[in-house]
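Take a look at the structure set out below.
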């Protein structure tokens, strides 16, 4: 079996007495596209924060390419190739789009010089289709473009694992389609993608494997089709309302 | 033992005065997010008004209290409305620099009109003896007044509609606006209350400390420390911060000598800044 | 870079104006030029942490005062002047790095207050450590028995040297990975960490840079006046003044702080000489007007932000 | 682009213009005209922590200049030259003080400097004067450490403060033979600190025990802890030094906390009218020493033939009593008058040597500079507040009251 690129082994995170994550274990293989689903407050964002070092795990091990990175700082995660996007986009508002992405290339990917970083950034922008807006201040972008900017910035960091936290929230359906196409393109480049999503449609169309978090516990991990059919998941997590909708989707 | 009781009571009385001097500063910082460098000069201005009323017209400081309070409120309200409000949402660098500039003007004006000669109201009411402990009456009265005004402010903040509006703005400005609160007005009122409390502190101080423009910076520094120690933006925070600072200075002065008394206060402040930036009674999330 | 030429031209022209004062003006003007250079260096130093990184630091006077004291103590122990200045620079830089590791965890108002407290604490510690610092008595330094013109020229060039060094450091930082990272931190510190910037290290670097040149200037200043004491060496007023200078010229730009320092010092001279009783108030009015009508600083009037030259190249 | 941008903007243009004009104007002011007046430069603290003291110097110098000019000026050789006093506010900041001294010498071409209040700032200004060989008269600096720098152009009208301590210990032991111990609390600042250290040394030499000795830092606003400790030590003599605001606070807190001793001395406290004004009845019984008192009856040359004449003039002008700062500052003017008369020219070296050779009697008392430039020691008055007025206890020649114990 190939070495997983990212492995969580019994990871827990406590806030005071509250367990936001308890004993979560799973691994991602290189190039895999995996969906992470769960209701609000299930601990999805906490999980990402723990992996990237924004939060320190309370116990357990986080292995990136077999190296324990449980104590890393966010910048170390970024340099290792563990990139992420935020639910609420986090650009450098007064900088241009190009400068934003250059920051990713320069610091995340460790470009040798500003010039190199700029070239890499330009490629990223072309990849996400923002090259036309390169000289605009980031603060002036519309939401969809800002989400793309986040993607471009993360891509410029040359990530091995990309964690997309609700990258489609707030977008309309045509914008979502565009974003999906983009994520597929990213996956084709061999980047391991973990998609945190609310929208089932999105997750199912991208990933063959699903992780389900509920009250901080990983209650299911397996092929999308199986998970979707899993009674336990449907009842414990999706509830009757979604169950019906899912059936429609499966038949359609 | 007796000396410790004495130092304890010294510290508590001093602490109540510190609380009174800092509560207005704390409120302005908490609600407007402005570090008001004028605060020390406001205190001294209140002190001068009290002193000259007493010195020239024989008006008793207690009578001056409401008068000074009203005048200082008006001054604070106007200053916020006309000047500070224009940059109230700017970063700390801007607001701090602006109030520093305003302070230079007020300081210069006071030095010019009143000179830097230390003034004092010589009421000298004697002292009460409790066993071996000596409690000076004017400091005791000052402490009482300081506490009373601070508690009154607390009651106003909790009980009146204006007070609740101020608290609402402090918690969440945009939500308060959605609720129909005119934040501009609340800001001006809050700044007015800040100046008012500085004036009240000035009245009390005029009977206890020498009043001179030389000490504006010292009182401002105390306000910083009290705020950080207690947690900013709340009346209980200022009260706790003031008392703690008073006690720390008194005991440090006794144990390590007067040279270390002020240093101890600043060290306490830095340590708390780093370990508990919300202060001893602060609530997380306001920093 | 396209903006390079006018920048260097303006910088060299400005430095030349200051450097040539001994040729056509009396010692007072030369002294004023030296003071402009000194404050220029202080404001340019502040720019690393305050302008680039966006941390409202008010610890300039602490670094200046410590530099003065370390230099003075070294000189009193027989260490030659130049070496004493170098030691002061290194010691204070190390101090700033350590201190930065602690107080740079604070943000916004808390950092501002913490950095002001550092000035006051330094004053108190220096004042009570009499065995080393002379306490409230202050310290005498060996008076330099040079003719006044020569001495003045010497210190003009020393201060200009420090200013030039700080400007060169600014230009290097501005065009480097460090400067870019600092600007990212200024804009959004969390996002900066997420793109791989070691924000702690970068902030400490900026804070240390902001201390270094202040220390050299402080040590040189101590040798120049020949006497220092705690109250004059650690002044809150000085700390705020330097920030006002940087804001006046344009925080975060390369030449702004120096321009601001020049304008401020000259205004001060003007007011001091002409308004005996009201000079402080007039300066206060200038600050208020600056905040209202010139929030971006003098450079924002005519000069595009040099920032734009850095990554975008052209516009 | 930079240059164009600047030029394009009217406001920036104005400022740049202003900056240039400022420099030019500064450069072009070269008053190389024939010497018509004698210029004396005085950097003064008119704002900031020392503003009060600065204003005192200002008042008395203006009074002196008006008087001397009304009399036609100062005799130099065969000419009578008017005096011009040029003052700047240095805001109680040392750095400004040296900057302004430099300006006074270079820009205003002053021939003399009056140094500002306090030993620290005197050191700074004297350092500048020395470089340019401009005689500097220090009126309010009494710490001998100021004068040990071999500054050839610095002269001080106050006598060494060492003279204040030994004589005082001796006098008090004589008056209160039971005095066994002393508590000393001093402000950590050049002069107050040296007085605190000086009295401790003198007291020990005089056989007293030191019951308490601490310094408090500048900016202290509460003396309760120190005073409580002093109270516990039960000394026979409490000696506190500081500026007027410190001493008012300390006295008030002593009263509050019931801290007292048969002898309470505050330096320089009662020498200043502000001290007694601020304390009212609380000032009673407090003793101190001073360099000069208006009750003394010196006679001599100069604008004011007697101490009484000076007192009258001062009273008429300010409605108040002069203190030692006023006396010493006016005396500084007399030093210049006398030295110029003897030098007969404005030549720097000659004037300097003439000042060094000063040996005159004035309303302020004798002035004769020692090798370090400081006025020679003399018997200094010991004073005490009685019924809210200043009484002189010693020396015997001018004594007008007997010492009383603290009420």
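Order of writing sets the labels: A, B, C and D. Residues in every chain begin at 1.
Everything that follows uses one rule, which is that a residue touches a chain if its C-beta (ideal position, glycine included) is under 8 Å from a C-beta of that chain, and two chains touch if they have at least 3 such contacts.
A quick note: this is a predicted structure, and the numbers were derived from the prediction, not measured.
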Chain nearest the overall Cα centroid: C
Whole-Å separation of chain centres (CA-atom averages), chain B against chain D: 35
Approximate Å spacing (C-alpha centroids) for the pair chain B, chain C: 32
Separation of chain A from chain C, taking each centre as the mean of its C-alpha atoms, in whole Å: 44
For chain D, residues that touch 2 or more chains besides their own: 47, 49, 188, 215, 217
Junction residues of chain C - those touching two or more other chains: 124, 127-128, 277, 279-280
Overlap residues in chain A, where contacts from two or more other chains coincide: none
Overall pattern in which the protein chains touch one another (line/ring/star/complete/other): other
Interface residues, chain B side, partner chain D - complex: 3, 6-7, 10, 14, 107-108, 111, 115-120, 122, 124, 127, 129, 134, 136, 138-139, 208-210, 212-215, 218-219, 221-222, 249-254, 257-259, 261-263
Footprint of chain B on chain C - complex, ascending: 50, 54, 56, 102-103, 105-110, 112-114, 116-118, 120-121, 124-125, 127-128, 236, 240, 243-244, 247, 251, 277-281, 283-288, 290-292, 295
Residue numbers on chain C that touch chain D, as the complex places them: 3, 6-7, 9-10, 17, 21, 24-29, 31-32, 35, 124, 127-128, 130, 135-138, 140, 143, 146-148, 151, 221, 225-232, 235, 237-238, 262-263, 266, 269-270, 272-273, 276-277, 279-280, 294, 298, 301-304
Residue ranges of chain D in contact with chain B within the complex: 47-49, 51-52, 55, 185, 188, 214-217, 219-226, 228-229, 232, 244-245, 248-249, 252-253, 255-258, 274, 277-282
Complex interface listing, chain B residues touching chain C: 29, 33, 35, 83, 86-87, 90-94, 96-98, 100-105, 107-109, 112, 217, 221, 224-225, 227-228, 259-260, 262-263, 266-267, 269-270, 273-274, 277, 287
